[in-house]
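To keep things simple, chains are lettered A, B, C, D, E and F as they appear, and every chain counts its residues starting from 1.
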């Protein structure tokens, strides 16, 4: 490829931008135009967002040059289609890590991620655990965190709804903990229980999801679900701690099974304790605000977003728009 | 007490019946009439049903003679109050087992029970397990049944809604199994999975309920619930069986978490397999028919029962009324 | 057309298959590409399924060669569009029955049908009636069946939701009868009533639908609906049978008006008898399982189907996928 | 009974009123006080309303003097119990028609009735029919009205919800017709169809209810329901009119099956025509206003009624209260 | 443009019509075909309806010739795309009012409008006010009408659901008034209150919507909503009328806050007066009938419309179709 | 009354306690026993709770001695009726303030109140306002608070559901503010808007309720409701502040109209901003926790409360019960 200018990150792209860049290809499909010509439709991602694209020329050749899931080097030009940006790809090929890092290729730049540094989040997590006063609860949290450390640092919180990016699980977990603890302070609730509930409420997602740059549901995830899987993880860890008080076990399990708040949202049991009510409120609010922020961050005309079908309303971007 | 005639079982009582009998006292309350006089309000049970009663005379003396939960010997007369039968109690005292068995007292006569002999049901349960072809499933069922054998033979299926009597759990479990297997035959579903699902779907009730002649919810029962408790029981039993296939484990757990059929009925996950759909249909129908039979068995005028608020309709008793 | 190889049935087609075949054309539309060129979009059906297609070349000529609803002879090649198979049609013309049967054209091969032989189902239907003990019920069923014999053998059970193919009505009716009778045996319900309810519950569809290779709603079907139409059919047949007991009439009509089980599903009255509850459960389960089987039979990657919006969930294909 | 002063009609009774009067006894129950004494609880009705009562003295004697459903002569005094008026009955006996009419007994004075003269309503009904232009519709209405004339003049419109008194059926029917026709004029809808829909929408209640001073559901009423029963009545009458246009039949049947407006209110089919929408709106509004008027007419303190559970709100009596 | 024949109004267009005409352009988007070519997609409106269109040739040139919101002169030919008519535009340019009026351009011909003459509606509105007897209510209505006169004559009643065209607000308001008054006559309700409620129920839409040939929501419209905005308008006008009775104010405000009838439809309070019930019924019916008429007016095959998702059903066009 | 011992406050009463005390009488009704004797049923309140009671002897005399709404001096003995405590009253008379204060009568001891000192809450309220940075918001809050100062210090937050006692309004308002601000800090929301939303969200209750020791709904409260009334209060105050930014006004009004969170809970508009979402979550959680605490504070056996119908579940009291 010629030494043209480098494309900016996805969030900063605008119409008529032209140049080359590195991306993760998360979708790839060879399609046929109405008059029979082949073209490639694809989606490219970097750490700031996603953009659709098309390879219109030499599709037959370029289709061999990369697969879905590959990091790719791409040259092209941005235009719009039905009001959304897309990249008209002129050249595309699989990344050659050794060679391309000389031009600045870094895997981390190409994967949609939380904006918070992982190490900072990890530190916050450990601090939360260190502040737990009950030794059984502290030991329980420490063990479960240690056991899932690797996944916890990388995992997203969901497929599409909220925090659907690398590190999103940890970001959501910490946010729920922060919110639940501040609510707990307002109502004099048990701090240790709230920390446990917040850190463990979605722990079943470690088994519900599968993440390797792209997120999918596991078999257990679909058929058993993270609410029950999480309770099993916790029960199993508790059984391995001699002398863990039974009433404490029940309280922690209660927070996990009830954290969706209402039966129609998938909670087999609804919150029966102040701590359970606080956790469900914190989880619900954090999820809604994450959805709202994603919607508000999308480009668009006017003060209001398009209709958000999950929330059942439009959102306001503020007067400055 | 004088050697009068013995009262018939509750179901056969009618107005003006007079005499003595043995019962379980399941409710007892000392109340004060509007003009200040004391009386005792109570509920008496035998294996055929329940009847309310009052001790109007000498309440201060008789209140010391028995407690809620005692087997009692009672002498009195049946009349009606607001259209329902009640027993006007003239004498009442705690049973003296050694002495009273000479007059025919038998605990089993005084406890509301399934009409099916327990041993016959137990045999049917074991036969179902014996017909399971997959050795892992068979072993799983055998172990769980063995472990809970004592409770399984006695437990009711619920506090009030359906099969709320001694042996009701086993009766409901076998009925669901019979129905699920016949539906499975019609649709070519997996027989072993259906047997496992039917026998285990409510196994969490062994921990959800507490039964000692009278039924209550346990702490875990309220706060965690039988759907999740049952899945944990099964997971734990499976882990103890070396080589238990993982996909089989997921399928069985799926049937337990999804057996309430819909999220608003407390299923954290809805049936995603033919076997899961069949089990949920069998459980729902068996519960509804049990409720209907209880309603139809109650005394009443006319072809239709009173309005059944749980079912949201009246039921038809048939033309022969 | 040249003597090329013959295309397999729809269910067995795969990419790059090429050749000719006979189909029923169920959709046909002349469209214009973005740059003005004409093409024909169509859907072709045979007894195993449906496939979309396009005539890209000589559309102006071929559009005169066939209409929607015709049996057609087609030559073309299979490719994919957005992940689904389609047929790129090179030649297409109306079937000439006399001439084309020499090449193997058979109407029955081109119409989506139940897999069960109609005569076998017809025999089963008559056997069910023969087993009815009550002479009035038997006579009622015999008369209604006789009167609608021709339609009963061909009709589908619905437009799109379930059993939406030739013979689907009979297949669904017999399946509901089989299931209801086995449930009835488990609960000691009245066999004759269940047979009558099962065979008659959808009889109003004979007037609700219109089927002539393709299914549509009639005016009465939309404006009155099969629940009420069916009750009228039954009432009218009963009035023609002298001495038909009135209470029996009410019971049978009750099963028809209540067979959708709940008001929000279109039952003006909800089941008030054990038989009514069983029939509604059998109909609901048979419909759900039919939907599930259709979904599971569709091609797709992975263990799970795509999201089924009618059922509100994905379905599991099993581990072998 | 001594020649005391005569009690006023129920609506005009107030505390401490004393004297004798004629009533219909609609409820009678012999009960036992907490200290064993017998008393009779009863409900007495006249054309203006209902009042509860008790026979405290000589209950054993008076219980033989009358039955539920009898017209009775009563002597007593009004007092209040828990804020509601009741009649403390001193004497009560069955009416002797011949003798008591000398003292002014008239059956019509003792039965809760519409305030509109029946003959006036009957005239209005016939005028509505006379204004129908389509000869088939007119003939249909005339025949059905003639056939049910006797019941139509007496029947209530429902058991308890609205227009639950003698003549209430006709009153409701005419009100719906008046409202539907005025709505129809506003929207240019078909007048004949609206007249037919209004006069026939509840005609199934002639078979759903049984009224002989007191209202009950029939077997067909509960198990089949007035929506379907009414459609059958209409279908049957239409079949007896040679040449009745089929499309007209469907339109009229559509208005009957859809008049509850929504599936969850028991309409198996929802309105698909302007006329159907108007009829459903007229029926719904007339029912709601009838409920509201009954609630507003009840005695009570303050500007607002008590909470109306069917309507889910309180109602405003106006500032003058 | 050459002196060809003039196109008819939109409602009368049919395939292969060719010529020129004047329209309002309500949508305009420059798109790229799959093979890279530019074209313009647009929507053209006149007083009878809307039609989509495409500029396939010389798109780069014509894109400069007009903008969304302009009146345009267009030359082209009608064809169909996926069963709907579209206009293939050959030439298009902004209207030059002075010059084009010589050829018959009139703004009013190009804007979708009510079919009722505005002056006639305005006269009807004033007559309604003149008939109000209470001087306070009359003054209130007169002032609010005067203040919003300009908007009232032009505004639509909604963005898309019903009466979504110029003058639609007034048309809907008058229709609700007519219907509410005729219902009020049937039930003896307060005429003045009903007139006030009907004329003011949607007055908040003057602030909720913004209309300048095209309709949008205002910031206040989205964030506060017309129900509350309307109540504020009324409260403010009342405060400016010395001596306005407080109870009358409350009654009028009640009708505005409750006019959506049910909480789930956005009424913060549900109707608690006969007048409130009538207004909510009139508004609901008028909205439904307006939707139905729009659906029935759309072109289509057969007796029934396509499925109307807002109404949840198909509608019947009548037998003559 | 004789110089017996003084009764403790209501919360501390137990069976067989005997003596005299001062209370507020909030209910009083003269009733008749089944055998005709009069007695007085009443409810007595002090700052810690409520207790029912009966005057069985000399009812005719004591009924003249006090009215509902009076402070009363009472002598009696505590017993139980159907498991709840009640006071058997031997003497009762209206308080004579001058004389009785010598024996320790203080109005504040007899009115159910928040446990927080009013002056402390008032200080906290003013501090919240002082921390608002935007001068317009601060001025708005200051004015509204000043205008309603007297009511704000005394009012309850609701009739029965939550914070239904003197000072409850202020307690709830401050709690929502505290919670909303801590949530706002977690999500970087606008602090001034949250303070305004929290302090004003229920301000309409100043007009919705009427409180003079006992709480009732006003006419405007029922017919217009506090959501709309509060928006009007705010709009009116803003109009009196020259230069108040319009966008700020809309944002504050949005928080008031949307604070019930969902349409079915009476929000005519749902939250469309992060601040609106936070406020609705804070209000909902504070209400639920207040309900839960009231339920948990009630006496009862066992670890779980009775079924809470508003919350649809039982609550857990904790293991120590």
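General observations
The rule is simple: a contact is a pair of C-beta atoms (placed from the backbone, for glycine too) under 8 Å apart; a residue touches a chain by one contact, two chains touch by 3 or more.
Because the structure is a prediction, the values reported are computed rather than measured.
Between the contact lists of subunit C and subunit F, the overlap consists of A, B, D, E. When the contact pairs of D-F are matched by residue number against B-F, B-C or D-E, more than half turn up again in B-F. The geometric centre of subunit E is 47 Å away from that of subunit F, both derived from CA atoms.
Our note on geometry: subunit B versus subunit D, Cα centroid distance of 43 Å, whole angstroms.
Of all residues in subunit C, those that touch two or more other chains are 34-35, 219, 222-223, 247, 254, 272-273, 304, 314, 316, 319.
A complete list of chain pairs in contact reads A-B, A-C, A-E, A-F, B-C, B-D, B-F, C-D, C-E, D-E, D-F, E-F. Partner subunit E is touched in their complex by these residues of subunit A: 33-35, 37, 39, 54, 56, 79, 81-83, 88, 303-304, 314, 316, 319. Every residue of subunit E that touches subunit F in the complex is listed here, in rising order: 219-220, 222-225, 227-228, 231-232, 235, 247, 250-251, 253-254, 257, 263-269, 272-273. The touching residues of subunit E, counted against subunit A in their complex, run 29, 31-32, 34-36, 217, 219, 222-223.
For subunit F in complex with subunit A, the residues that touch the partner chain are 175, 178-179, 182-183, 185-187, 247, 254, 270, 272-274, 277-278, 281, 284-285, 288-289, 292-293, 304, 311-316, 319.
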